[in-house]
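To start, the structure under review is shown below, and the notes come after it.
By written order: A, B, C and D. Residues from 1 in each chain.
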Amino acid sequence: MKVEDSFTVAAAPDTVWAFLTDPARLLPCVPGCDAIETIDPTHYRAAVRIALGPIKTRFNVEVEIVAQEKPHRIVSKTRGEEGGKASLLAADNLLRLVPTDGGTEVHYSSEAALTGRLGKFGFGMLKKQAEKLGREFAERVRAALETEPAGAGQA
Amino acid sequence: MDDAIDPNRSVGRSANRLELREKLTGQAKYIADLSRPNMLHAAILGSPHAHARILGYDTKAAKAVPGVHAVLTGDDFPDGRMGAFVKDEPPIAQGKVRFIGEPVAVVAADDEATARRAAQLIEVEYEELVPVLTPEQGLAEGAPLVHEDLPNYFMVFDAIRYGNVLSETTLSEGDVAKGFAEADIVVEGEYETPAQAHVAIEPCGALAEIDEQGRVTLWSANQSVFRVQANVCESLKLPMPKLRSLTPRIGGGFGNKMEAHVQPLVVQLAIVTRRPVKLILSREEDTETVRVRHPFRIRMRTGARKDGTLVAREIDTILDGGAYGDDSPGVLGYSLLMSRGPYNIPHVKAHGRLVYTNKLRSGAFRGFGNPQVSFAGESQIDEIARRLDMDPIELRLRNAVRGEGPWFLGQKLASNGFVECLETMRAAAHWDERRNSSPTPGKKRGFGVAAAAHISGLLGTGAIVRLLEDGSVVLNTGAVDIGQGSDTILAQICAESLKIPLDRVAVASPDTDGSPYNWGTTASRVTFTTGRSVALAAAEVAKQIKELAADMLECAADDLELRDGGFVGIKGVPEKQLPLFLVSIQAHWRRGGPIVGHHTWVFDRPTVDPKRAVVSGLPFRQIGVYSFAALAVEVEVDAVTGKTEVVKAWQSVDVGRAINPRSVEGQMDGGFAQGLGFALTEEIVFDNGRVVNPTLMDYKVPTAKDVPFHMQTIIVESPEPDGPFGAKGVGEIGLVPVPAAVANAIADATGARLRKLPMTPERVLTEMLPPETDDDAA
Amino acid sequence: MSDRPAITLTVNGKDCTVAVDGAETLLETLRDRLSLTGAKRGCNQGVCGACTVMIDGRPMRSCLSLTANCTGSDIVTVEGIAPNGSLGRMQAALEETGAVQCGFCTSGMIVTAEALLRDNPHPSAADVQAGLSGNLCRCSGYRMIVEAVLLAAAGGGESA
Amino acid sequence: MNLHRPTDLADAIRLLAEMPEARPLAGGASLVAMMNARIVEPAALVSLARVPGLAGITEEQDGALRIGAMTRHRETASDMRLTGGRSILRRAASRIANPVVRNMGTIGGSIALADPAADYPAALVCLDAGIEIAGASGTRRIAAKDFFTGWYETALQPGEMAVAVHLPPAPAGSVGAYRKLARIAGDFAIVSVALMLGAEGDRCTTLRVAVGACGPAPLRLPEFEAKLVGRPLDALDIGALGRALAWIADPVDDVRASAAYRRRVVPRLVTDAYERARRKHEARR
């Protein structure tokens, strides 16, 4: 299942990069996420609440930064599981920042696979839900960056 | 129906199933209905990855769950390898996982819920590998290997194998370049068919029990107790006498239960726990982990002269074999053998490659590769007819293989009712007057035909017929009745051979201890090959009866005959006869011992005539005899949505001799319905190797409302000298022509030529009306 | 673990008391506790129809019915369609037409068809096709099963 | 897991309020299927089987029909009071799954699950139905169009349950059409269209069109419908409404069909449903 989209932020790529690589500032933008734990600069751990229609569950996920090229692209892997491994999530993600007039275009794509009990739930709906979460994330990132005083993130 | 029943005539009569009453009253026992004292229940942990190395297991938490008796991983299994053509499959994933859902660990516990809960607590450490998700990826330069050990695997034939290619087969006759040069028109196309799920309504399962000597008795949903025995013993490195394989009633097979599913897992659990262990797959597990019909990509071109004479055909196919070899090399070879179709085409070249991928294995499924190539071939015949403005039945008649053929590669046909099939189908369907009625408003109506041939035969069979003290008979063949009715048909052949009423024949349940070898209920073979063994074994019994009766009646054995109702008497002297029970008693207590007839038989006429054909990589030397069929369908395509409905169907089938006409119709009806699903709705969808639609909510098979009630079968009888009473097989052929007939009817209705299955409303509408033409909606 | 209250239901005319967890389905109770294995598990999602039984006079999916929710209900399974040794009209008609192949769908098919005939004594073929559309059969292509229902409706296959 | 079988509505509501992890159990056709697949594992169930007053269809003083939450699809599919424009609901009910499942499934259970591809949502939104909801703080009623809020999401708050559907009288002389495209008999819809048409002579007086299975909730464009009201039936640009509905559609790509196909089929099915309704109207005159 591939999810991809892009959004534009009125901030320079460096600013966006700094924001997206700072767990503390990123945290409030991730829907359903209460904490991000930094294991080391390329490994993070988080718990995410997910609601899929009648299903309400939590995934424990680990994100590994596989490659990065500041401030252009981040390649990462997400691996997660529900409690008791009823479902497993695996995603390969690519984030690209492209400078535009007065801002940055953020492209993201993720090739994700969900196996186990939730993998049996309507495939189309999962993708919609993932897209929706992506849009919420984008909305929050933009809101955060565009309302922040200029340069706040560069400290 | 033939209601005036002569109890002494069994062949040609639509006798009821021997086991009918138990099925009508809910008493028939299938694998899930069996249980043994102290039985444990098993559950599987499946792989979440399509391709990964297994680095280690942690089973502590699972073992600590109260009620859990064993937790086994790949480390706890012997490292044997099983497979019908290539020994490439371990009993459980070892070292590597090769498809999502592949069992990596199993648990036995007091109940199913506990076993499932414990299975989820098993930790497996993986190193993910790049998966091969399509055959094209598998063929690419530098592709990761699904089986690094392929060159070292034992194979039962001299396969051409390299990289991810498990088998490459090439068959040719004549000179295709020359043939195409002679053609006035050439049709060419690329065809695609999906993975289809068998959906036997009974999911797979098995129950194993071990005795104090360490011998295991195994009941399982299967199509061959002998293939079960071979697969379990090979994969678990178990001496064959250590395993006895039995069968309960089977709730449909269609190929899904031919090779192994969970049998090695439950046997190993029984060995380790020393207790009976049962495992019944859920519908989703069955769909995700057992096997599917091979997806094919077929490039085909066919050349014809202006007068409709076919001159050349060339086929190139790629088969998605999935993660293990299973029956795949056979499917490849057989599909190519069938790719010429039942036509005389002088110049033919067929080439195919079978590629490993990191997906659920493909295997045997009713039709065995033939429905896929027939979809392409019979679509092209239709296109040629359209291009030449010829009637499609006429075109087929003009090119039909007649008389003794030969078939592609040179085998001569001893029976051939193909032309009669086409003609009787044409008459039944009122084909020439088909446009006389008007279609339903809002629907585009079309008519399509397709033809098919299919073999019945292959490999070893035997039969033992034993005369009981009272003159009745017990028949033991080892052939598993998977629901298609073979027990009844074999009993009919036996009864008729001995001139005794059908109710005097009992059929022994297959048992690897006591039954003669039977390769399996597959390849439309049981009536033809096992039936032949039954007839020969019964003849042996008749011979012994006559020898003994000759002494008792003081005459020559040659002067004796079997008489209706269970008698043996002197020819021409009606009053001189003995009931069989007297002969049997004499045998049991006085002389020679009980009368037992035993016969084995295998079809052994060669498939290839080396003077005609050039062949490489073909996995069989002799295959069987040919049944024929012709099908016409009437479809209605919804002009608004593109949804296709088949409203009527007429099919003719040459079965040599219908031992049980109603069972013949049952096979043809059922094959048609399964073919209809393949044509219109059924497709296992993979997403990065994961089966997206394993449930019956998402994977849709036809319901009573989707299959036409108006479905007529005409039985053609062109007796096969090798067959019992002239009979040939009918188990698969009904499915074979359906996709092409429907595609041809859609083309007739709408002008749209569909080359990809299933022919969903979306695909039909897209071909019917290119998207840009849309706004003038209905 | 929750407590397992004992509940009573009538199965094929007999009162049965079972102690079940709230999540236990009637299909499990029938098969595992009452040894009535005529109803089959084909999908456990209510799609295939092999588990169909009569609950309070209506055919329902036993795999979608929770036993604890059937307290006091009257259940009839294929084993209870006709008294011992005899066949109901639908069973007799299936015998007559030879529609049965593997038999795995047969129990559910019989229960559904019995109710169909009760509600619509003179169905058309299309009525029967619609009425049986929730009972999957992979062997027969349905034609002979539909014929059997029509035969039963016509009074054929009436049996001892 | 405990199954509670309260015998009055207040008890049921109280149980649901006391146990936030409990779920109400109606016919079980969807919930038990999901439990069997371990997709949901509720801590407790509150069965509505013995709650009086929840099953059945009753006529109210204003001519509205009240369909209790526990009314089975079978009953809704055969209630002959559902005529004229309201026949849409009867037809939608008759297309759900198959006869056996229709003996089990209920309207309340179906709408509470809010599967976007189910048959009721579009029909109810087309019919301007109201949903009666009960909770610890009493009952409230909201319009069907506000009830379906997202993918499998509804306006039900924790502890609340839908207790009835209210169908207002359809305009006199209105007719309905329900067009469902599905792969196989009884499958969920690829696209469904519910359309109500009222006319005086040749002039359209009412037009309502709701499209199902093409987004998180049924699609409707009341302002666009209003623009077409008053037009002559044979000069009413139904295709434009269909295209507008396709434009706002947000369908899924799944095993039933692609999103692109669903969008493409919407105007075609809307037009076809309109033509069917128009023929019914003509036949009445």
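The rule we apply is simple: a contact is a pair of C-beta atoms (placed from the backbone, for glycine too) under 8 Å apart; a residue touches a chain by one contact, two chains touch by 3 or more.
Just so you know, these numbers come straight off a predicted model, no measurement behind them.
Two chains share more touching C-beta pairs than any other pair, namely B-C. In this assembly, B is the chain whose CA centroid lies farthest from the centroid of chain D.
Of all the chains shown, the one with its CA centroid nearest the global CA centroid is B. Averaging C-alpha coordinates per chain places the centre of chain C 30 Å away from that of chain D.
Our note on geometry: chain A versus chain B, Cα centroid distance of 48 Å, whole angstroms.
Between the Cα centres of chain A and chain C there is a gap of 50 Å.
Multi-chain contact residues of chain C (touching two or more other chains) are listed as 44-45, 130-131, 133-135. Those residues of chain A in touch with two or more other chains are numbered 86, 120, 122-123.
Multi-chain contact residues of chain D (touching two or more other chains) are listed as 33, 37, 98, 185-186, 255. Pairs of chains in mutual contact: A-B, A-D, B-C, B-D, C-D. Within the complex, the chain C residues that touch chain B are 31, 36-45, 47-48, 50, 77-79, 81-82, 87, 91, 94-95, 98-107, 110, 125-126, 128-146. Put simply, chain B touches chain D in their complex at residues 284, 442, 640-641, 643, 681, 683, 685, 692-693, 695, 697-706, 760-762, 765-766, 771, 774-775, 777-778.
Only residues 48-49, 100, 117, 120-121, 284, 685, 687-690, 692-695, 698 of chain B touch chain A when the two sit together in their complex. Contacts from chain B toward chain C in the complex involve residues 14, 16-17, 19-30, 32-33, 198-203, 249-252, 254, 280, 282-283, 482-485, 662-663, 665-666, 669-674, 695-697, 701, 703-705, 707, 709, 711.
Of all the residues in chain A, the ones that touch chain B in their complex are 1, 84-86, 88, 90, 111, 113, 115-116, 119-120, 122-123.
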